[in-house]
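Reviewing the structure listed below.
Chain nomenclature is as follows: A, B, C and D, assigned in order of appearance, with residue numbering initiated at 1 for each chain independently.
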Amino acid sequence: MMVKIVYFAWVREKIGKGEEELDLPAEVTTVADLLTYLKTLGEEYDEALKFPEAVRVALNQEHAHHSEKIAGVREIGIFPPMTGG
Amino acid sequence: MMVKIVYFAWVREKIGKGEEELDLPAEVTTVADLLTYLKTLGEEYDEALKFPEAVRVALNQEHAHHSEKIAGVREIGIFPPMTGG
Amino acid sequence: MSLTLHIAVQHEDFDPAVEAARLTDGRPGVGALVQFTGFCRDEGGRLSALELEHYPGMAEAELQRIAEDAVGRFLLIGLSVIHRYGKIMPGERIVLVSATSSHRQAAFDGANYVMDFLKTAAPFWKKEHNADGSHGAWVAAKDEDDSARDKWGKE
Amino acid sequence: MSLTLHIAVQHEDFDPAVEAARLTDGRPGVGALVQFTGFCRDEGGRLSALELEHYPGMAEAELQRIAEDAVGRFLLIGLSVIHRYGKIMPGERIVLVSATSSHRQAAFDGANYVMDFLKTAAPFWKKEHNADGSHGAWVAAKDEDDSARDKWGKE
């Protein structure tokens, strides 16, 4: 499954890129699976996602729980807790 | 005791004047006494103060309970509940 | 940091931008500004104007007391309260409360507190002018305004 | 009465008077306007600027969702939410929420609700620029912001 992943704030800085297209293996079905998979892609991913529960995820630009399925999603955002306002 | 009394809103309209100087009898010692005394001054006062508990009173421009003493007060305001804002 | 406190009772209209500047210019510790503006409503076309009567001297003094209470209670950096009197047409501004603080909840609470006490304790009274020319009534005080005030607890 | 809803995410500064006019001009049913402005603080001189990063597209969509929730919950007549991104200096405005209603508490609650959810759900992140030139940190989310949001109860 091809998906666009976008990173923000310190997640973006640690991974070293703002976005990328990834072809996810079939066994990656939930947000939690995705975060575990990304950690295998290199030291910078492992460092950025060391505490997966600390990052927030959006599926097609809507907030999602880590237990949610990602089938059919076109864009996944990964970022720290928000600090706007 | 000479005192300046000022009236506002429908209390002023019913009594027909905005202010007056009155020489209060010695037995008028509290706000409640004053309201009872004023009702004896004429029909328009009796009408304006028909329900004394419905009017608010300020002593020297500070809100006062009807049980408060008025000795030494220079100015007494009598008016309906406030509706500003 | 020094406190800015501004109280005014006037017939003329006021400018919310001027009050915002009064409370924020040259004050980089201000993180939050809340401004409440109260307008004269037309009540669905029923009213042509409101006439606002006030108790000169006491109106300013009472607003000052309410403002000082709010500053102390919510640790505000600045507070401005302006209330108009006289004839005011639908759509015109009647009252402006501006509160600044480091953080947002204090600014929200400060402005809200001032409005709740202003409604029930500041000596202003509204008389309606009816659009059809008939004799207008004095606006009655509302129990809900007392309830709104009482949510802040006893002093 | 038709609802006015305005959402913007932009680098440029905004004018609170323009948003006030957007929500009140020609609307004599509006009795109350509450405007919240959030400013960049200098943290006692420690900061030279904040850099605001956002998730384009999602930022606008999330503000729209929060705004629609607030309008429905508090029966607002109008709501405007503007949030800036990019480099912002101490004393500059970051965010403006303007809410109108017939009566004051709905306008206060509407603006307060939007700010609480904006803080915790709108995809914006702040990075500090230190006045001494040292490497600035990303601002950490605060538990008190979650608590502030939770005061509104479950949807």
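By definition in this document, a residue touches a chain if its C-beta (ideal position, glycine included) is under 8 Å from a C-beta of that chain, and two chains touch if they have at least 3 such contacts.
Everything numeric here is computed off the predicted structure, so don't read it as measured data.
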Task: Shared chain contacts [chain B and chain D, defined touch] - done: C
Open item on the list: Quick check: how many Å separate the C-alpha centres of chain A and chain D?
Closed with: 26
- [ ] Starting from the mean Cα coordinates of chain A and chain B, work out the distance between those two points in Å.
- [x] 72
TODO: Could you grab the centroid distance between chain C and chain D? Build each centroid from C-alpha atoms only and quote it in angstrom.
DONE: 23
Task: Set of chain C residues in contact with two or more other chains - done: 38, 104, 115
Open item on the list: If a residue has to touch 2 or more other chains to count, which residues of chain B qualify?
Closed with: 85
Task: Chain pairs in mutual contact under the definition given at the outset - done: A-D, B-C, C-D
Task: chain C partner contacts - residues on chain D that touch it in the complex - done: 16-17, 20, 24, 26-42, 44-45, 90-91, 102, 104-105, 107-108, 111-112, 115, 148
Task: chain D residues touching chain A - in the complex, by the definition given at the top - done: 38, 52-55, 57-58, 61-62, 83, 94-95, 115, 118-127, 138-141
Task: Partner chain C, residues of chain B touching it in the complex - done: 6, 8-10, 12, 58, 61-63, 77, 79-85
